[in-house]
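I've put the structures underneath this note.
Below are two complexes that have chain A in common, paired first with chain B and then with chain C.
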Partner chain A sequence: MMEILSVLGYSFFVMAAGLLYMGIGRKIAARLHRRYGPPVWQCYIDVVKCFSRRSISHNFIMDLGSMMGLSGLLAAAMFIPMASFLPFPSQGPIIVILYLMPIGYLGMAMGVSASGNPLAAIGIGRALTLMMGYEVPFAMIVLTFVASFSSTSLVKLQELQAGGIMNWHMVTMPIGFAAALIALMGMLGKKPFDTMIAPSEIASGPMVELSGKFLGLAFLQHATAIFVETGLIVIMFLGGASNVFEFVAKQALVYIVMASLSELWARYRVEQATKFLWISAGSLALVQLIVNMAGRK
Partner chain B sequence: MNFGDYLLFLNIAVPVAVGVFSLIFLRWSKKLQWILFFAAILAQAVFAVWFYNSGPRVETISLPIAVMNLNQLELVMRNNGIGYLFFGITVIVTAIIAVFSLSYNDKTHATGIAPLWTMLMGANAGIFFSGDWVSFILAWELMGWTSYFIISHGKERSGKAGMYYFTQSLIGTSALLAAVFIGVANTGSFAIKSTLNFYASQWAANPGLVIAAALLLTITFFTKSAVFPFFMWPSKAHAEAPDDFSAFLSGVMIKYGVFGMITLLLPLFGAGYNGPLVFGTPLFLFILGCIGMFTAAWGTLHAIRENDMKKMMAHSTVSNIGFILTALSTNTAMGIAAAVFHTFNHMIFKSSIFLSMAAVKYRTGEREMHKLGGMAYKMPVTFFVFLLGIIAAAGIPPMNGFGSKWLIFQAMFDKQWLLPAILGFFASTGAFLYLYRGLHSIYLGQLSPRFEHVKEAPVLQIVSQGILMLAVFAIGLFPGIFLIPINNALPELGLAPLTLDLYSVQGSTASIDITSIGLVFMGSFALVFILFLIGKKRRYVKMMDNYTSGETPSDWGVNEDKLHYAYNFYEPIEKVFEPLLNGFSMERLFGRIAHEAKRVSNAVRGWFNSPQTGIILLAVLAVIALAVWRFA
Partner chain C sequence: MLKITREEIIDGKFERVLNFFRSRSMWMLYYCTGCGAVELPPTMTSRYDMERFGIGPMATPRQADILLVTGYVSVKTLKRIVYSYEQMPEPKWVVGFGSCPVNGGIYWNSYATINHLDKYIPVDISIPGCMPRPQAVIDGLIGLMDMIGRGEAVGYKKYQLNNEWYKKNQREILERAKPVLGGTK
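Coming up: the complex of A and B.
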């Protein structure tokens, strides 16, 4: 019973935190544009509003897909140890998280495909292509940890970095950290890599047919994705955290950096984005991997 | 003669006999042939279940034929753990496919392949049980030519694909014969064990011989399992074969090479090995591992740009075989367990995917994806089978592909094969691309008015797909269903068992509880479902009632077919890889070899075709006759 409650509580916390980062990101983007911008809590208002409006759907697969989308990412979030707190005992296996997130994307893709809008299908095609771009460098970073510590457990990686900033992997493996940040940019769909939701080209791509609670679920899914992705970076490179506030602060910091950087660039075409991710993030990650493999013994 | 002493032989003899017998009904009743086929396989499946845990068993038949320097030829069948597992799971999966075939082969779709397929199942048992080379090669050959005739099934295009397949099979069989003859000539025995032991003991004395034998065996199993240089036959043969047989071809038949590699190739690299090591693995196996990962990536790239659904899934099979090959090349307990586990998982989910596509083709007659679309609204069960199948194929929890793919990566991490693993992650991510394309183009998107009348697949087809779907789900939730028997069979290969139970498995860098991962996903789904219910009600609208920048599609003359975005789906990424895929084509290389062979054979034929052929022949015969007469 306690486990169910803690899972429930953790789920809501994850979504709430993700929405908060989104709100902060919107505010910062606005300030960089010299606008006043929406309040930080605007995303909460959006979600509540979305859920309280009537919506349209095309068939049951669309309903199912939208639900699968959010649940996949929530399941992935359950394996992120937030400052040594886990909703149920696990080691925080990175590979499992990397494979649970796609079920969310697959669900989302299935839902919007079932709407029959070609723009949505184009958007998903782009999103998956981009996914190939960032997953490969990110996987290489995971391999770097395997090379050095023979571990893919987030809990263990966090323990390894205990005892001061000089032990953080951000400091000990800076090249890998740079690669991870570039890959994270792609994961978050921030600006040079936002072809899949390009509003002016394909009318927001996957979101084109979503209304009411479907849009609300998509919002929550994105919020959860932000939590999971920034959480991975915080634990893998920024030393994890000793309490919840530290964890959230570090995540927010990572997201703020990403959100501000994203205002610097224009949009890549999808094949350019993929190539860029492979060439820049991929080669950086490869260098770090080879360094770590050489340093193993 | 007591039949009880020859149970394993009966598993070969009965299907072959039933197959030959059912040829009689070729003109009368194809239905009866299919029923005989189903009965034969059901018998095998019942035997497999009944035989579970019966322990090792050896059966021998002595034939009064003197070969080489042996007085009599001994045919040996042995039932060992790993062979039994392969046999059991292949026949059970085939029995499920057979249920599908019963319904699929109606008046309009019937093919006359049932007798041949029945015989092929006899060969199937022979391959897994053989204890001597003669039975193994006989079974291997029987499998080769029956499958050739089945793939061809009397159609011109299929004939070409079948020929391509058969040519490669011949290369493989010749290599196998060569490896066997070298071994048999040196040991004087046809027993597989003694030949392998001989090879394994020669590392110090004659390493060149062992490497030659390993290379020959590798060629044999590479051609059968479609590993890199021979990766093209599935896309031709799987695509052109009868639809229900494609499931068998991709699910079951392609795994014979995997079985061969585990039981015949890996023993050569046992304790006696003293050659060079890379990351603690024999160099030869490390190269195989790299080829495996390359095959995985290469198959994925081909699958991404394929528009024909059966060809796409055939390339996907090649990619999966690449993963399996890498796992078994690690030559560790974890690697081999992962390879066998993924083999069985692939058998189940790929069969379910192929059967689902066969059901679509049964109802629509289309194979090209951009001509389909929206099938999910008409065939929901078939859609769910495909959906669960592709989730498994992508290696996503909570379906069965996840556990085995995770274990494969763990086996690579264990050996520190990190650079090949990059290709593995590339292939595994690329898999989402083509699998989603299949889901979208065939089942989702707009439903064409041409298919307005399409109905759900017939009951038997649903039943057979449904069983496979449940298996995908059950093994995904409880990996121990397969992993525990596999683990029990490991000691027999000389490997220490892994730490695992019904729910969880311990890898090299982490241990995971697969059941709890599945439960977490289902729990989150329940939570989201509640959220969905809390939200205000939704209303269903028609598919054409879509956002199109404020225009009504019908005013523009845009119909459902035009709104279905499916052709050239991944054009951007195809463009990136086009130079690579077009510039480096194994197909062209084989084409050149075939061309040169044709030239030589034409020259020889031209010589014989000259008007003087008769005179030359007579002259030659006269000379021979003279010689015989003179020297006799």
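Coming up: the complex of A and C.
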């Protein structure tokens, strides 16, 4: 009973935190444009509004895909140790998280392809191509951790970095950190890698046929994805956290950096984005892997 | 004839709670028929910034709450406007933008345009001007926010109740849009 309650509470916290980061990101982007910008809680208003509208479902697969997209990412969030708090006891197995995260995107792919809109099919094709791009460098970074510390547990990675900023992997593995940030940019769909959304080009891609509650679910799914992905970076490189506030603050910091960098660049085409991710981020990750293996006793 | 009082058509108490959220997060689809669309970029970007009210552009009719008809409506684009309007999920609102959707504007005696948009789809609020400046646009949208908050912006309900009248008017115009020299069947 307690576990069900804590899973539910954790899910709500994850979505609320993700929406808060989205709101902060929009505000930061607005200030960089020298605009006043929407209030920080704008994303909560948007989600409530989306759920209050009538929605058009095309078939059963569309309903199922939308639910699967959100639940896949929420399942991945269940294994992120938020300052040693987990909804149920586990060691934060990183392989399971990497396995569950694509389920969210595949669910979204299934749902929006069922709507039958050709622009949605183009958008989801681009999203999955881009996923191929950022999964390779990110998997290499995970391989580096596994090879260096012989562990796939996020809790153990967090313990290894205890005792000051000089022990953080951000400082001890700077090349890998750069590769992880580039891969994170692709995961979040931030500016150089936002080919899958591209509102002026393919009419917002996967979201083209989503109305009302489906759009609300897509919003929540993106919020959960932000939480999972920034959470992974915080635990792997920024030393984790000793309490919840520290964890949330570090996540918000990572997201703010990403949101500000996003305003610098224009959009890549999808093949350019994949090439960039493989060549730049991939070679950085490979260099870090070689350095770590050479320095190993 | 159907007699409907004001109390029957405006939103109820529960709807008005949701209207608080709806009015503070309006996503718009702008149908750039005429010259009006050129006033929207300054309204959206740094100078006048409509995002501070939660108003933002959206790409497709499915995601949008308000439809901006920016400029004159020719008899051929009317068909597309009706399609776009009917694809939007409820609740939805229409903003007539500039003089042309109100009374035809400078195109009032053209053979190719329609003069009164609200005979074909229900217009909730009109922003007059040729063209309205960004201040006027923001003023009009805030007026729409107030109307939604009070539960008075019920154009979509009028469209359902008087659907036959709207459809009759649309048919009369769309007859005119048929190709003269045969065309495709």
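We take it that the second predicted complex is superposed on the first by the 297 of 297 C-alpha atoms of A that agree within 3 Å, B and C clash if a C-alpha of one lies under 4 Å from a C-alpha of the other, contacts with A are read in each partner's own complex, and residues count from 1 in each chain.
One rule holds for everything that comes next: a residue touches a chain if its C-beta (ideal position, glycine included) is under 8 Å from a C-beta of that chain, and two chains touch if they have at least 3 such contacts.
Owing to the predicted nature of the structure, the values given are computational and were not obtained by experimental measurement.
Looking at the shared chain after the overlay, A:M293 reaches chain B, while chain C stays out of its contact range. Of the two partner chains, both chain B and chain C are touched by A:E209.
Of the two partner chains, chain C is the only one that A:P38 touches; chain B does not reach it. Of the two partner chains placed around the shared chain by superposition, chain B is the only one that A:E271 touches, whereas chain C remains out of contact. Among chain B and chain C, the chain that touches a larger number of residues in chain A is B.
By the touch criterion defined above, A:K49 reaches chain C but does not reach chain B. When the two complexes are laid over each other on chain A, chain A has residues 52-56, 203, 208-209, 212 in contact with both chain B and chain C. Residues 4, 7-8, 11, 50-59, 61, 63, 66-68, 70-72, 74-75, 78-79, 88, 90-91, 93, 95-96, 99-100, 102-103, 105-106, 109-110, 113-119, 121-122, 124-126, 128-129, 131-132, 135-136, 139-140, 143, 146-147, 150-153, 203, 208-209, 212-214, 216-217, 220, 269-271, 274-275, 286, 289, 293, 296 of chain A are the ones that touch chain B when the two sit in their complex.
Of all residues in chain C, those touching chain A in their complex are 18, 21-22, 24-25, 45-46, 49, 51-54, 57-60, 62-63, 65, 89-91. Those residues of chain B that touch chain A in the complex are listed here as 374, 376-377, 383, 387, 391, 394-397, 402, 405-406, 409, 413, 416, 418-419, 421-422, 425-426, 429-430, 432-433, 436-437, 439-440, 444-446, 508-513, 516-517, 520-521, 523-525, 527-529, 531-532, 534-549, 560, 563-566, 569-570, 572-573, 575-576.
Residues 26, 30, 33-39, 42, 45-46, 48-49, 52-56, 199-200, 203-204, 207-212, 215 of chain A are the ones touching chain C in the complex.
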